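In the two assemblies presented below, chain A is common to both, partnered first by chain B and then by chain C.
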Partner chain A sequence: MTTANVTRSIDARGMPCPGPLMSLIGAIREGRVGDVIEVLSSDAGSRTDIPAWIQKAGHDLVEIVDEDGFARFVVRKAR
Partner chain B sequence: MDGQTLSLVLFSGTDDKLNAAAVLTAGAAAMGRKVNVFLQYWALDAFRSDRITKDHGVAPEAGSEGAAILARHGGQHWSDTFRQAKSIGEVAIHACSLSMEVLGLSMEDLDPLVDDQEGVASFFMNVDGPVTFI
Partner chain C sequence: MPARVVVLGGGVGGTLVANLLSKRLRRDVRVTVVDPTGMHAYQPGYQYLALGQANGRWLVRDERTLLRTDVDLVVEPAIRVHPDAGTVQLARGGSLDWDYLVIATGARLAPELVPGLTEGSYEFYSLEGAQRLREALRRFRGGRLLVGVAGIPYKCPPAPVEFVFLVEEYLRRRGIRNRSEVRLLSPLNRAFTIESASKVVQPLMAQRGIELTTFFNVESVDPSSGVVSSLEGEKAEFDLLVLVPPHRGQDVVVESRLGDASGWLPTDRTTLQVEGHERIFAIGDATNLPISKSGSTAHFEAPVVASRIAALVKGSAPRSNYGGNVMCFLETGNRQGTVLRFDYEHPPAPPQPSAIWHSAKWLFNRMYWGVVPQGRLPERMPIPVPRGRSTE
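So, the complex of A and B:
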């Protein structure tokens, strides 16, 4: 279970690379500092791309939760 | 912006190669790199506004089996991926002026994704590292 309160959830399952990351970037841009954004992705590239981007962009990766056939990435907008 | 500019010269106009170029562009833009794209010949032709989303086929190495796999995979059109890349980063797409002349095109014939037309020397003004040719 996700412990943080999710502000916005994006279902990017079925989107190929780099779709889920692009959706996350869009949501982060539209959001406010402190917002918690959740992205559901079935794309294997997201596993490396989303953490790499979060590190680069200076946000917080709250958690990655493996689900059946997809992963849930929970991100806090830090700046 | 940080890191080297991603400089791409796009020559091929098939959907698979343009999709690969769009994905590279989006990834580089996401990671804060500038992207400098130069469109020549068939890649430029594929950016014509009247046919950008039409079927541009796939590279010959795909064969019929590969073409069928790509058709089944579907996914977002490469033009939308380029648009996303432009919305998140510093991505400039230039039309090669020679190719414009060869194909008899003017800027009004091209999708708004294309920023301007320029000569090859102008393209190299913004190159600060290797050039990738697709």
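So, the complex of A and C:
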């Protein structure tokens, strides 16, 4: 379970790369500082792409949770 | 009474589906294409226009000349679809009744979504934009030339990579390459959306001295200072900026409340029916499918929709399904190119760039008007599977 209060959840399961990352980028664009965004992705590439983008963009990766057949990325918009 | 099929949009998908339906069903169908301009553009040619390698006359034809004589053409914008009534409202007050509707309205360029983009950058995604860019390139005497993408999804995913290769060659030919920096701004952590294609093109970019900035999601352009800023907090100075504008679905889709938040039609990936509407189909850029927005996609989707509608008209069960078939050429400059062939199950394995695929692209460019709208090319393209990888 995620400890942070998720303000927006994106179900990108089944979406091929770069769909999950682009969905996250879209949510960050529209969100406010402090928002916590959760992305569900079954694409293996998200495991590297999403953390790499979060680091470059200066946001916080709260956690990655492995679920059955997908991963849950929880991100806090930091700026 | 013949079945009434209305096709919204006279691009590659709309024209092909109309011609195929007319050919298959003959007197059992009345097909009407509705298009706001009545002109059909070969959009992959815009980049050649910008680079001075093609003229506008080659790229645009009267839609009437591409349609079979028994297909009706209405040159007028469609403004709203009424699914329950089975009608389409037209801009000048009339309306058309349909038994089956095909939405092939393509994508709308939405430069207004990025502050400063219209004033500060050039594009090759419209005829007018390509003509403006051609003049800007002619005036260019060297400096920082940046090429990028201002939003995903966009039409023809290889186009920005192709353009950066071709413009680098263009600068060399003009003798101003040594005074120029050429850089690709990518929204991803690689040059291209498809990883296997990035592995082919990135070494070539490095060989040609084309710089790559990754994770650069364009946020705004400052035309006065010549700076483009990213969502990630970076800034890049430019003397000439070429950006693919953001894309959105067409107004008729939005007004009809059929699209998602960006105006794309929620579409079944195999039947190509608009979700919740058995008699409405979508093809090409208008859909929300997670595959390339390209003429090739529309080209391979159109026979599926034509076959399904033909079956329904004849009272049989539709059996044709779309498997995600796409084929795109990718120019890599120096008269070389590669090809991306893929479907839902098989990712592309592009061959090393060679003169063959460059020639194949130019052959296709020349053949387009005589074969594609009329349905004279194969309806499916086999996907080559690399050695050691099973198709199972």
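Note that the second predicted complex is superposed on the first by the 79 of 79 C-alpha atoms of A that agree within 3 Å, B and C clash if a C-alpha of one lies under 4 Å from a C-alpha of the other, contacts with A are read in each partner's own complex, and residues count from 1 in each chain.
Definition applied: a contact is a pair of C-beta atoms (placed from the backbone, for glycine too) under 8 Å apart; a residue touches a chain by one contact, two chains touch by 3 or more.
Predicted, not measured: the structure shown is a model, and the values here were computed from it.
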After superposition on the shared chain, which partner residues are touched by A:Lys56: those of chain B (first), chain C (second), both, or neither? both
Looking only at chain A, is it chain B or chain C that touches more of its residues? C
Both chain B and chain C touch chain A; at which residues? 15-19, 21-22, 25, 29, 49, 52-53, 56-57
Quick check: in the complex, which residue numbers of chain C touch chain A? 152, 187-189, 193, 195, 215, 217, 219, 231-233, 290
Complex contact set, residues of chain A against chain C: 15-19, 21-22, 25, 28-29, 45, 48-49, 52-53, 56-58, 79
Quick one: which bits of chain A touch chain B in the complex? Just the residue numbers, please. 15-19, 21-22, 25-26, 29, 49, 52-53, 56-57
Chain B residues touching chain A in their complex are 23, 26-27, 30-32, 73, 75-76, 81, 84, 87-88
